[in-house]
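In structure tokens below, several structures.
The same subunit A turns up in both complexes below, where it pairs with subunit B and then with subunit C.
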Partner chain A sequence: MKPKPNQAQEDIMIKDLQRVFQLNDLQAREILNQAQWNLQKATNYVLDLQKSGSKIEEQFKKYITNGQSVIDENGIISFCKDLGIDIMDPVILYISYIFKSETMGNYTKFDFLYGFTLLKIQSTSDLKRELKRLRDELNNNREILKSVYKYCFDFAKKKNRKDIDLPIAQGLWDTLLTNTFPIMKKFMNYVGTIEEKDVKPISRDTYYMVWEFCVQIGEDLAKYDYKTGAWPTFIDGFYFYLFPNHKQ
Partner chain B sequence: MIVENEHTDEFHQLLNNIINQNPVSKPYLLYYQKLKSNQKYHQQIFNLIIQEFQYHTQTKLIFQDFSQIISQHQQIQSQIKLIDQIFKTIESSQNQSINKVLNQIYQTKIYNYKDKILTLFLNQFLILRQNEIDNKLLQLIAFIKSTQFCQEFKQSLIEKSIIFYNKFTSIEQLHQQYLVEEKIIELFQDVQLGISLREEFSKVIARNLSDTPILLENMSQMKIYFELNQIIDSNILKGKIFDMVYQDMIKVINNENKQQIINNLFETKEYYEQKVSDLFQNNEKIKISLSSAIETAIQLKVNQLSEQLSSYFDQLLIKKQENKDFVKVQERIKKTLELMPYFSAKDIFEHFYTQRMTRRLLLELSISQELETEILINLKQQCGDQYVRKAEEVLKEYKKCYQYQHQGVEVKLVVISQNSWTLKQDQIPKFFLKEQQQYFLESQNQELKQKILLWMLECSNCYVKGFNKYIFIVSAVQAMILDLFNNQKSYKAQEFIQLSGLSKDEIIRNLIPLEKEKILILDQGTYSVNYEFESKKTHIKINQMQKIEKKEEIEENTQKLLHDRKYVIDASIVKIMKRDKQHTLQEIVNLVLKDLGLPIKVVDIKQQIEVLTEKEYLQRDQQDMSLFIYLA
Partner chain C sequence: MSGIILNQRFQKVEEMCLEHARILKQNLFAGVQFKLPKQIMELNSEILNLSSEWSRSFPKNAHSQQNAKNDGMEDKLINLYKQCLNEFVTDLYEQFKETQNQKDITLQLVAKHYHDYKAYSYWLYKIFYHLDSSTLSTVGADLHSLSLEAIQKGYFKEGKEKLFSTILDVLLESRQQEILLDKKVKSLCELFIVMDAKSVRLKYEREQSMYDYICLNFQETEKSYRDNFENKFIDETKKFYKVQISERKNLGAIEFVRWALKVIQLEEQMSLESYSKSFDKIKNSLNQLFVKEQAQRLSTTTVQYLLSVDGITQLGELYNLISREKDCVKFIAEEFTVYFLSQVRQVNQNISDQSKQQSQGQNKQVLAENLCNQILEIMEKAKDIIKTQMQNSSKLIQAYQNAFTTAFNEVDEAPFYVALFADMLIRSDKGINEIETDIKLNKIFTLFQLLYQRDKFLQHHQKFLSQRLLNQINQNLNLEKNLLQKFKGETQTNVLAQLQNMVNDIQQSLRFISDQKIHKNQKFELSVYLLSFGCWPIGKIQDEIIPPLQMINSLSLYEQIYQEKNNGRILQWTFNYGSGEINYKIQNDKYYFSVTTLQIISFLQFNQEDQLTIQQIYDRTQINQIDLENSLIPFICNKILQRQKQDLDTFSDKNEIIKLNLVFNNKQKRIKMLPHSKMQPKRERKLGELTQEEKEYEEQLIKQREFVVDSQLVRTMKSKKTIKHFDLLAQCQQMITIFKPDVKFVKKRIENLIERGYIKRDEVDCNLYHYLN
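Up next, the complex of A and B:
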């Protein structure tokens, strides 16, 4: 067996795969990973996907408007409508995660092909039947929620930026975290009190640390140590919002 | 029943005499010898003594009041002692010593009156304890120590003492009582009692110390306060000094009159230092407390105060009436320099210090260049090389100047290298001395070509030739104004402002001296040249109105400097992380604080760590969330 390629070699293989097929970095990486970084195997897998995916492609075409190559926001609205869910439903984020979709507000053909095949389904109505299971997984499996949460940062992030705007982060926290972590309700209140002039974009680190905060601290704020805890200042801000007297 | 015989009879008489305090007719030695020679009567005589003594104790001893008991006690003790001396010989043949037996009899008797005596003596003790130690108290303690209920007495004594101590409400009383109490403890020679009493007494001292306000002017009280504080080895005085100094300092630094702050601060500090030395023997703990109170207070406004400190230096070093006494100025500067460690915003201090020093030197306002140099050397030692580099540069260069003459204006151009300035000054205004400027730029010295020249209006001066025979030494702006009169006969102030692009303040400030010296005439808001100007001198120096540093300007510059600290923090973090590769957040914060020695808040450092993380200089470890790794 060949040794596992390093970061640079991986990137080259991803580029190679992308030269032949239209798929994004996440998907390419995932497929190559599955194929144990054997480019031939990965290529065959994608070819199979395309061969067997004619029915899924039909489904995809249903949601694109005149001549576009990707599903846009309107398409997503009708996709959600067919699934019988609100577009703010957290489960749609989980679906995007499964699709390994790259940017919020778009689905590519390959997103559909890849995701539907992975779920072993052929149509939107099949997906609708799966919804309950997916929702249960998202609500009950911390690991899945964590992966979806982390995935969403890149999903929501604009390509040329390293951070996301606070309102977007707010939306993600509200959708993904408030149900599972009651403390996030207070957290959202805090975010609401931040004055316009103090609003800053949310960095990846801060975004990830909000998850850690939910898991490690949660309701038990006595555990929160702003002196040695190495929490981002944004989360310190929440702590001081709750305990104004603790501020030095 | 003891059979009396010739020998016993004699002893009986003796005993009676002793017990009843009658004079003893024959010398003791005689009895002693008799006893020695009649050893077979020993037992008999021994019994006789016991019997007699017992009878006496039973019938004669009464326990009425304190003095009676004490004097009776002393009597009996001396009787026993006497008997003991005489009958020492018996002891060798007897099992029990006569002393012991007699004492036992006596003690048993006392014990019967235990309750009465305890109450009586405790009360008496409390009365006696309120005065200085006297004989009575000594006797009382000696008596109690001899009794079998000494332990009970001590127990009650502790209880009564607590009540007694708690009645004290002044530290003076406590201080007096302290000596009495120590003596009592010493007399009882009981470790446990000593511990208990001292503990209770200390509590009362501590409470009284806490309740007594500190009045440094009341010297005698403060000395007592200090002594008591030392006796119980407490931190009360330390804490109180801290609070007092801190509150005082806060008042000083919040003074509306900014000019006074530093001066008052020093005076306050000196006042307290003097007091600590006068009253508290320069106690280390209190000195530390004093200096940390000062430091804590200064830290509250350290940025502004560092600026004001540099202004304080300026006021000392500038030529003026108050600074005539050079030795005094030197002394004050020396003292001020000692305080540098309190003013940790070295960057801000440096900026304003350098700026003001340059102004002093260029305008020849400094009282002594040697002193300036000396201060810099001292500052270098205290703050580090990087904080005086610019000032040193200025000191080296300020005498360098380029002189040239063109169209009647003699320009003396002083050039200070660009690194001497922490912040950029305005560029030379376009219109300003237009011809001169062009001339200057054309004939620019090769040496200056490499440098970015910044125009420092306030430090510039020019020699202007006027009315064919006079040379006016004026400021650059005045030179410009005078030059303008070559083109036009009269100007309004507004026109100068428009032409030069300078502020109204600046123009007016320069116009007033010209008018005062009667070079210009002001008539209904219009300035024109006074062609009738006359003077005995040929070189006329125009006195300048000193530009007052504007509050807003200082504030603005301070803000800029504070903003620049972000980069300083960034550099420090990267330097540390590059060296050590990884650190926890807490470690980084501490190392940066140590590295920079500036008054930075932890949150500022945290924010810069976040910025660097975002810029991917650093990365948070995936397992240990407090660990940051340097990404090379």
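Up next, the complex of A and C:
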């Protein structure tokens, strides 16, 4: 039994796989993990995907315009139309999560190949049928919602940056959290009151901690410890927005 | 010998013994000095003989029972002893019973009884002492204990209520009269102290003619003492004083304090005198009544009042009372804090009002002086009180520090005012009187210690230091160094090293000058300060300025000499600093002008020509417009130069001609012409908004602070590896003394460090951080 590879070795294997196939880091990591970090196994898996995925490829081609290698925003709009969902519908984020898609606004061929295969579907109409199940999963399974939420940070983030702009974070919070956590309604009000000059990007830590805030505190704001708690200052801002007289 | 003969002898002994006992008793009652008759010694030996002969003839063996008829001689003798005792006790008790509730009589009587009984027991013991060892084995108590037992059973047991109330009555009289009265009460108390003791000795002090029971094991008497005396006594005492205190509820606080202290002193004295065993408990009870229950009330009504009317000694009295319970000092401390907080805040308010009325730079000095001196005065007063009246109590010192630190930092510009005040003090110091200088330094340092924003203070201090070092003719380098050394002991920062370098620069420059004597035989006398780059708040070094010919040689000579000693260093001339003197000859008069270097450079251009356009001056010197205006307009205002436009106009027209006033004449031959705000064109400056320079300083400060907090955070994380948020926060705030970082600031830095990958949050516990290498 081969010893588990360390971080550096993993990175090398991911790069190796990417030299042969067009897939992103997340997908490479997941596939290699499944293959117990056996490069050969992983390669075979991908080859199988490609072999059996001709119908999926056709679906993919439906949404690209001539010459492009990836589905762009227009393609996604028509993709959503075919699925019968709004582009702001949270389920599309879930779908992207399953695809392990890298960037918001694009789908690659491998996204489709990989994702459709995982979902055991071949076409968009198949996917449409699965939507109800997916929606239910997203709404009822906290763990899934958490994973999707965390995933969306990297999904929405630009490659050259470590953080995301406030409006984008706003969108994600609105889409993913307001339905499950009632406190988020007030939170969105708070974000709306932030003045132009004070608007700063949201760091990963702050973004993750918003989730923790919803889960640990939620409506029960008496539990919120602004003096000695390790909450980010952005969330402290929300607390002082609700209770201005607690500021010293 | 047969038992019968022995018994006969016993009868004789019995008779004699009882006889002598009675005589002894009568003598004691009469208070007559007595002598032991010779027969006592005979009795003694006879008893011994009886006892030993009996035991020889009738040895006790383990199995034999005591025959009731054939009583052991020893038992008989012991009973005889007991009988003597009991007879005496009975007599005593009869007398005791007869006393009514006349406390004085009872007191006298009991005291005498006790004395007499002890005396009697002692002498009786002398007769019977051979029996001592055997009584212990047969009856379980030695002779002295038996004597104590006798009086306990026959006198004390019945009479203890009466005895107790007598004691109370006597002490009540003491309390009412507020002096210690009868000392005889001590003997009554002694009765209570020794009762129930199983093992005692009776001692005789020949000189004082006193007899005492000495308890060998105090634990035996503890319970009896407590139940019969101590607890009841303390209860009565408490009851008594509770009433007394409530009667005095409307008494003024200081009167109450004085009365309380007197009472306490009296009670303690009484206790030490008569029942010192209970001293601690009594002290605690008194403290409970007079201090613990009164401290808060007394403090809240008096401390602030007394402070405001300078009732210093009364404060001392109050402190004397309340400090009996260490914990209660906190009430005084709280009031202390409140008072001085408000005092300082008043000063702050005054200063703030004054500053709103004026906005000129000049008056800032007055404000700074007022603020600092007033606060120092108040601090002095407070410190003095704590030292002289409150024994430097640590709680008071803490309150003192809290009050002044809190209030002083409420002044927005406190760091600036302290720096300005320091500047004024240092400039006025002639360096002659060491003690005075020390006082000044301590004043500055005291205020420095109060400040939170020490880095801001040092920023200002650096600017003032630079001015002092560069412009003063007699710099006081030692004073500056001493002051910096004091700061160094209080806080850590790189800026202090810079400041020290500044002083060193000047010191070395002066040394270099005297070493080299550069200005010997020069037409242009030059002395140079060599400044280390980066330590001085200089701003832009304008080395593009072209000095006139007369200067160039001296400058080059200096550079040459310096480079010989210090090869490879880069030197730049900062013409925008420095000052000097121009000798001006015109119309057969000689004038001396005190000017800046830039003024020298620009005015000396007129050596070549009598008139120049502004453009020409600029071309030849490269001095910018504003500096040129500041430099030359004073000449214009003093009529040395003339211009086409108005005196105070700007130099915006580059073709304007400036020319020498060839008929210049002034009675004063020495003229100071340094750039002055009254001799400048009017320049726009918005009030309230920070200038560019101030903005830069502010930004620099914030960056420095971020760095300080970051390094402290990283240092802590490196050593602890894993730490809770709260602890990290506390550690950070504790270790940083150069300013006071608030929670939000530290949190933001922690977030920043998380983003930069120095720290990460624990996955399970959001309040836990891990250090990432």
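Operating definition for what follows: the second predicted complex is superposed on the first by the 248 of 248 C-alpha atoms of A that agree within 3 Å, B and C clash if a C-alpha of one lies under 4 Å from a C-alpha of the other, contacts with A are read in each partner's own complex, and residues count from 1 in each chain.
The rule is simple: a residue touches a chain if its C-beta (ideal position, glycine included) is under 8 Å from a C-beta of that chain, and two chains touch if they have at least 3 such contacts.
Only a predicted model underlies this, so the values are computations on that prediction, with no experimental measurement involved.
Overlay on subunit A: subunit B and subunit C clash in the combined arrangement. When the two complexes are overlaid on their common chain A, residue A:D163 makes contact with subunit B and with subunit C alike.
When both complexes are overlaid on chain A, the residue A:D16 reaches neither subunit B nor subunit C. Legend: residue contacts after superposition of the two complexes on their common chain; A:E137 is shown touching neither subunit B nor subunit C. With both structures placed on the common chain, the touch criterion links A:E212 to subunit B and to subunit C. In the superposition on chain A, contact is made by A:S203 with both subunit B and subunit C. When the two complexes are overlaid on their common chain A, residue A:T233 makes contact with subunit B and with subunit C alike. By the touch criterion defined above, A:D154 reaches neither subunit B nor subunit C.
Stretch 561-569 is the one among 3-11, 39-47, 93-101 or 561-569 where subunit B clashes with subunit C after the superposition on chain A. Overlap of the subunit B and subunit C interfaces on subunit A: residues 162-163, 203-206, 209, 212, 227-230, 232-233, 236. Partner subunit C is touched in their complex by these residues of subunit A: 162-163, 203-206, 209, 212, 216, 227-233, 236. Those residues of subunit B lying in contact with subunit A across their complex are 584-586, 601-603, 606-607, 610, 613-614, 620, 625-628. Only residues 162-163, 203-206, 208-209, 212, 227-230, 232-233, 236, 248 of subunit A touch subunit B when the two sit together in their complex.
The part of subunit C that touches subunit A in the complex is made up of residues 725-726, 729, 743-744, 747-748, 750-751, 754-755, 761, 766-767, 769.
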